[in-house]
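In the two assemblies presented below, chain A is common to both, partnered first by chain B and then by chain C.
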Partner chain A sequence: MLTKKQNLYSVVGKKVNRVDALEKIDGSARYVDDLAFEDMLFAKMVCSAIPSGRIKKIDKSRALKLKGVAAVLTAADITGLNKIGCVVDDQPLLADKIVRFAGEPIAIVAAETREAAEEAAGLVDIEYEPLEAVLNVDDSFCEKVKVHPKGNTVCHYKVRKGGDIDEAFSKSFKVYEKTFTINYQEHLYLETQGCLALVENEGITVHGSFQCPFYVQGAVATAVGLPLSKVRVIQSVVGGGFGGKEDVPSEYAAKAALLAFVLKRPVKLILDRAQDLMVSSKRHPMKMEYKVGVTKKGKINALKVRALADSGAYTTLSTVVLFRTSVHFGGPYVIPNVCGDVIGLYTNRVPCGAYRGFGTPQVIYAMESMINIICNDMGFDPFEFRKNNALKKGALSINSHKIKESCGLIETIDKARKESDYDKRKKEFDRWNADESKRTLKGLGVSSIFYGMNLGAKGWFFDKAGSHIQICRDGSVTLCVGNVEMGQGAKTVLAQIAAEALGCQVGDINFTNVDTNIVPDSGPTVASRTTVMSGNALLDAANKLRKKLMNAAVEVLKLKVNQIMAKHGKFYNIKDSHQFVTFADLAKKCYFDNVSLSDMGYYVSPKVEYDMQNGQGEPYYVYSYATAVSEVEVDKKTGEVHVNKMTCAHDVGRVINPMLASAQIEGGVAQGVGYAIMENMVSEKGHIKTLGLSTYVIPTTRDFAEVKSVFVEDKSKDGPYGAKGLGEPSLMPVVASVVNAISNAAGCQFDHVPVLPERVWEALNEKKMRDDESEVR
Partner chain B sequence: MPNKSFSAANLELKDMVDIDFTVNSVRRVLRVPCNYTLLDIIRYELKLTGAKEGCGMGECGACTVIMDGALAPACLVLATTLSGRDIWTIEGIKEKEDAKPIIDAFIARTATQCGFCTPGMVVASYHLLTKYESPTDEQILEGLSGNLCRCTGYVKIVEAVKEAAKELNTLKKEGRDA
Partner chain C sequence: MLRNFKVLTPSSLNETLYIINNIEQPYRFLCGGTDVLVRMKDNPGFVKVLIDISKISELAKIEEHKSTFVIGAGVRHETILGCSHFIDNYNGLIEAVAAIGSPQIRAIATLGGNIGNASPAGDSIAALMAFDAEIELRSIDSNRIIRLEDFFTGPGKTVLKNNEIITKIILPKFEGYKSGWKRLGQRRALTISKVSAALAISVSKRPNGSFKVNDIKIALGAVAPTVIRARGAEKFLLETPNFNRAAIEQACVLASKEARPITDVRSNAEYRSEMCGVLLGDLIERVNVFE
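The block that comes next holds the complex of A and B.
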């Protein structure tokens, strides 16, 4: 049922079509590879052929002799600084003397055609002296070989809560221990990384596919050696990001910019799929040792976790990604005694960084698997067990963050159970599985999550957003924000927020393209923060403008402010909707009254206090919550798994657009299903072998899962209209719930992701052997 | 202008190929480098950039076009095989009367997110709906299985295709009744 207040909203909470739908559907949207400039060159990176070694010699002569080759640049040619590290300064733009992973860029070629650039890249002769490579976290941890002179630890986050952990376990009724491992996940945005750089006004302009144009601006300025104001970054339409276009595009933009700066010609650098798969960042593989103590009544009383994350050869975003891991490894539960260590380790493998969920889906998988084991062993109902331990208002998280508001976790658990028809399905599945003539087994799995909003304690200093709104004299509106549209629907949701606040129609709103010369620096488009951050920045500006429009409406309608309501492009008498003045007429009136209808907005994320030494305090200001239920079917003969249905209950505060929200969830489900059962990046001796879409397999329509999305709207006081973020939470519970469903069907808990058919088949055979043996006895 | 062809810089006349074919019902007579693919030709010579390169290996479907009535990944079709062919790209298909319900349904069902796969998905959907008047779920899933999408989970796309099929059938019925 709608409350009175909800009824008042005219566009917020409504199903509004995407504002960018048509241009994407009819193919007219311009992605970076659709752009071209006169006299443009094509670039190609020359990448390391070995995972670890010294560069003894780089011979460009054969490449330079090829017709159409304009330049081959190496570290020695960099006009600014040879560094690209986004958080820690440990990564060169082009490898200098040492290479630390197979695929690390060493040189960059520019040529008249893409084909010539490709050919020339193969003609750059590099002589290496191979060194011993560190290829897994265990070897990295013991530091027999160091990837960097300072040692192999990238970061180490500790969480210490309650008393002595061993004493706590001694008081547990039962204690469970298990180690889990999880492989990479590749973003596989359909549009590979790409950018186009040119010299303009004695500076550099870069077009491209970015999540964080202001990061790109910084990286280009550093590499070329220019002040930030001489570097202009213009956003193209982005063909998917998912975290993969957070810091990583800076590396390519800086290289293209360097070539453009040296050659004084436009340079386009589009990665082909194989190179993109080889060199771009991935989700961290992890090894996770879990120990959970439970009381007789089913309360988790102690948790000990040691998670080792493969950060790859350079830090990139590991320090912030793994900070999030350290907040989320215990799940959305109240646990009095916690001892957690999250350790990022260098290896001679591709650097890992941001990916939707940011270091959390891995530990959620481990924690939720532990809960599945506990429920199965002690006979607890999976929903009741989670509810019994769930965070709620007044409770403390594992970081001792006292939850004050907007916590709909328990409602998501209840809704997920009800909407998935869990109890009925469970009985049906039990009957199905008892029938040996069936070719398949069916299983149900549950998972709950929470997710800290915005950048949190580790990134508060750049957790801000700006906006600019201009109302034109015909009543059309131009919005200017610093976060980008990358497919998630930001433009549509932000247009709805602005339209609601201004009283205009969504159709009146246009966006200024994101351009660092024009839009305010609003930090990165990451962490599911755009709705909250840019939304609030727009509200700040819109509220100022609304006051001016309202003053004009008071004059025209001869009413008081509290007698006037604004929506759908009209300001009207609350008591008589026939008495109104249009938004356009008010804009015109203000224009001729010399009242400015242009204003800035600004928003800073709520400040949080956190003790990094013990992992205690407020890591984030508020959390989104979700519970997912998966239904899977496992082929007994082949071990193949199909996810038939997912029911996802999300508390994201106010839902601004229910259609786009469910679209986000459906997309998150597919990515999570891929991660859980099919996406298997194979790396041998430091070389990634799965460099195409027929070897790194993602879900197709053949893997289609029905998705039922339901919402719990526990409003957040700091969100625009009470909204929280959804982009990442949509994926986060999926892996754990799918693996739990497979485990429940197969009768054993899978300790490695992805759960490939071979492993399921083996597990089913092992179980059959066990069952046969026990029958013989 | 993009990927300025070999013709200017590197290639001899013997490396060029003459082709004579139809794109979106317009006859095209072109001389292109012999290693060009159909995707190179439509994107770089004809400036029809709706078809995208997602992999260049025929694995993703972002460059899907209709060639002689069948779906084809443009990145795998070589220039030398093109003469006499009839090609339809998203730019031609979007102008067709019977494509409008598909485009409308994709908008109404928010069947696009980042949009990179979408033109190819629309082409495949159009082809599917010319093949089947009222496709079953199985036929839709099979018909779109060559087009990868990383954003939507395919849910809204399948909904859009069903809605478009319904609308097309209504229009046809109205046409018959009129």
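The block that comes next holds the complex of A and C.
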């Protein structure tokens, strides 16, 4: 609840319209494919046709003969270093001698037209010697075949808490075990991957659709062989990222830059949807073995987890993604004895990486399914059970992180129950399901989550952000931060934070898209960190400028600082709002007094201490929390599932913009529902078969659930105005709560995601057979 | 990406017939383009010439005759949906056409294109087949009318000769029939059918209160190399002395057995077979024959 004091904010906490809405509606927003430069070439990648093998020969001659083809570059033509790995150096920019997944880029073509580039790409003849491919985590784990000479383990995170785990299980009243598997999820951003590189001032300038312009800068510098200062990255409007544009765009930007550098012409590389689906990263498929021990009173006393993640052919971000898995596999619960192993494994499949939730929705699904099984078997109420085990101030997480502040988990559980009308619905559904004449079964499912803010122990060295604010002499303001607007509403929320701090109006603010020449390296736009990190960096700059404005106001109004209030573009007498000076007049005054109204801001995420050996310590400085309740309806005859409603209660600290926060939750629900019941990436012998939108299917508005979002605002002392992140938490509880609802409707726990109608139908048949049998007996 | 092809734009049906009579390169008609352009994008070499027939008015007419409705091959789905004849008498067709793609697709895609594309999942095909539709195929020197059912020989394969075009779809008039169409897809809208079924049925009540099937036509989509008629189930219901729930259940089992589906990225064979029966049962229920 907001206190009176907090209500004093003029724009923070308000439903401000998106500052970039109009340009996206009227079509004037310039995405990278809208940009063009004179003499520009088009690039196309030539990708491996097999999942594993040696490259015996690359013959460019047919491609080079085609009219309009400017170049075909391979590993041998790279002017800098042939490496692209973001965290671990195991990945070449262009495959050299060996290919490790179907779709791995081997060559890159540039031509005068898109059509010629595409045709030429098909004319690059590659001879392979196929090798045996590793296509699943179990085979990878055995290491009969090695994907990389060093072996198949990408990373192995251990969490060891409490005493001997077997002894702990022996003390449990009941012990539950189950193995879960979960498929890929594709980001399916509306705008496919794309970038445009050109030679400028003896260096390279890259425009593109990125989440992490500073990663791109580094990758281009390495590939081309230039100092960072000669690589400038300018963000264009981004049509969605969801993690898919974290490290991955670096691969394409480096290729386009290489062509531009060699050919001295602008080069545009836009992936078409099929290639994007084939080569770009996905959410990790996982196999998750869970064992949970519970006391008679319903306390979880032991948890053993072994999660095998399919990292694909290269590490990319697996080491950081799976670190997060190792923090979140036990959920937001207090568990005294924990033994967890999270293992990333190489396979000859597409590399997996960042995706909204970053390695957590998979294990949340498994853990919350276990809780559902336990509640159903032991007769516990799903909310009470969660509350009984919930993290709260003073409690220890599975990593023994003592929660000190901003923990609204229990409130989210209470709110979710109340706002979903759970108890009434449950009774209605029980009655409905008892009626055999009904065509459908209805179910309710619950799931709770926590989410570590920012990059945490594994990424602290990246966890900083810069900003630049300039107030022009007419009172208009330019802002530049190092995190990007990618559709999530960052510009709006950050403009609100800056306007609040400066005392100007949101409308006075103009955002400059990220430009690596203007702001310092601000780390990636990931981990739900932008509001907090760039928000704090803006506050840092804004507070310095506000002081100067305030000094000017003191002079004009002949009042003391503490007698002046600044909001909505006016600095005024707290006691008499008619006595004021406008923001614009103050800007003008400062200009003619030669007071600079341009400043930089910088913010560093709170430092955390963590023991990687045992997975104990502070993995993140603070957490967001959420609880979701799903209502589903299952067709008894077809197995089709519809999610009718989702109630999501989120503790995100201060809500900066309630409208955008709700929109974020709706988006997370849509993406989570797709993941839970629909999106099915089919891969056969290392080849993805669902390379189009007619086979890889995501929800439309017709499949959409009614979403009710409610907020718990347990403020975080380190967040701007008390804010925490929401981008990923919005999706994270969705899959688990939907699958629990389906399981409760169908009367069996589903151990594989997506839960497709075919599987539900089969499960209902199996159940019917079991029931019939027991009737006979 | 689309490249290396030519578009011809005849202004009349005759000109079209002349062109296709003399053309040597592989070609396709371009009507709404919603199938042909997608296929060209996936497989750039697949045709060299497109013959744009979207503006030929002779193909875009709907006519009512004594015992038939005649729909031009170039009639768009959206047009069908706005046509009261069909709304009143061909509910199954309306249901199928209303489910094709999205409003944007229906505004440009045509019935002739759906048939010409010859997908076993073609939604209007199943509905039309349940109405015993026929089609007219014309070339410069011939004109033949065949049953729609006989047109298809496999996925994307038909008996259409290189110099022929579909000009008309002929729908017999139906009196006293009820009809419906239903599908299962990967999502609720804008989806390719995993299984579909269409039904046209005429039932009468005997003086003793029992029901008799006068005529029934069942078409199943996406469960065989072409859309098929479930003749076994039809025959069973036509011959059943007492058309009741038990008979319907048995017909559903028969329909499932008539399906010869495959497993692909959208679904599996077993499920598809079973769903034929489920959809048939649902349709019979939905058209409310026992009222």
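Please note the rule applied: the second predicted complex is superposed on the first by the 775 of 777 C-alpha atoms of A that agree within 3 Å, B and C clash if a C-alpha of one lies under 4 Å from a C-alpha of the other, contacts with A are read in each partner's own complex, and residues count from 1 in each chain.
By definition in this document, a contact is a pair of C-beta atoms (placed from the backbone, for glycine too) under 8 Å apart; a residue touches a chain by one contact, two chains touch by 3 or more.
Just so it is clear, the structure is predicted and the values come from calculations on it, not from any experiment.
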Partner chain in contact with A:558 - chain B first, chain C second, else both or neither: neither
Partner chain in contact with A:640 - chain B first, chain C second, else both or neither: second
Chain B versus chain C as contact partner of A:272, first or second or both or neither: both
Greater chain A contact set [chain C / chain B]: B
First, second, both or neither for A:682, with chain B first and chain C second: second
Chain B versus chain C as contact partner of A:547, first or second or both or neither: neither
Chain B versus chain C as contact partner of A:702, first or second or both or neither: both
Contacts of A:118 with chain B and chain C, given as first, second, both or neither: second
Partner chain in contact with A:670 - chain B first, chain C second, else both or neither: first
Touching partner for A:694 - first (chain B), second (chain C), both, neither: both
Shared contact residues on chain A - chain B and chain C: 114-115, 272, 692, 694, 698-700, 702
Residues of chain B defined as touching chain A within the complex: 1-6, 8-10, 35, 43, 48-57, 59-60, 62, 89-91, 94, 103, 106-108, 110-119, 122, 140-142, 144-158
Contact set on chain A toward chain C in their complex: 114-115, 118-119, 272, 274, 637-640, 642, 678, 680, 682, 689-690, 692, 694-695, 697-700, 702-703, 757-758, 761-762
Complex interface listing, chain A residues touching chain B: 17-18, 20-31, 33-38, 40, 42, 67-68, 112-116, 187-192, 237-242, 268, 272-273, 486-489, 659-660, 663, 666-671, 692-694, 698-702, 704-707
Chain C to chain A touching residues, read off their complex: 1-4, 42, 44, 184, 186-192, 265-268, 271, 274-275, 278, 281-282
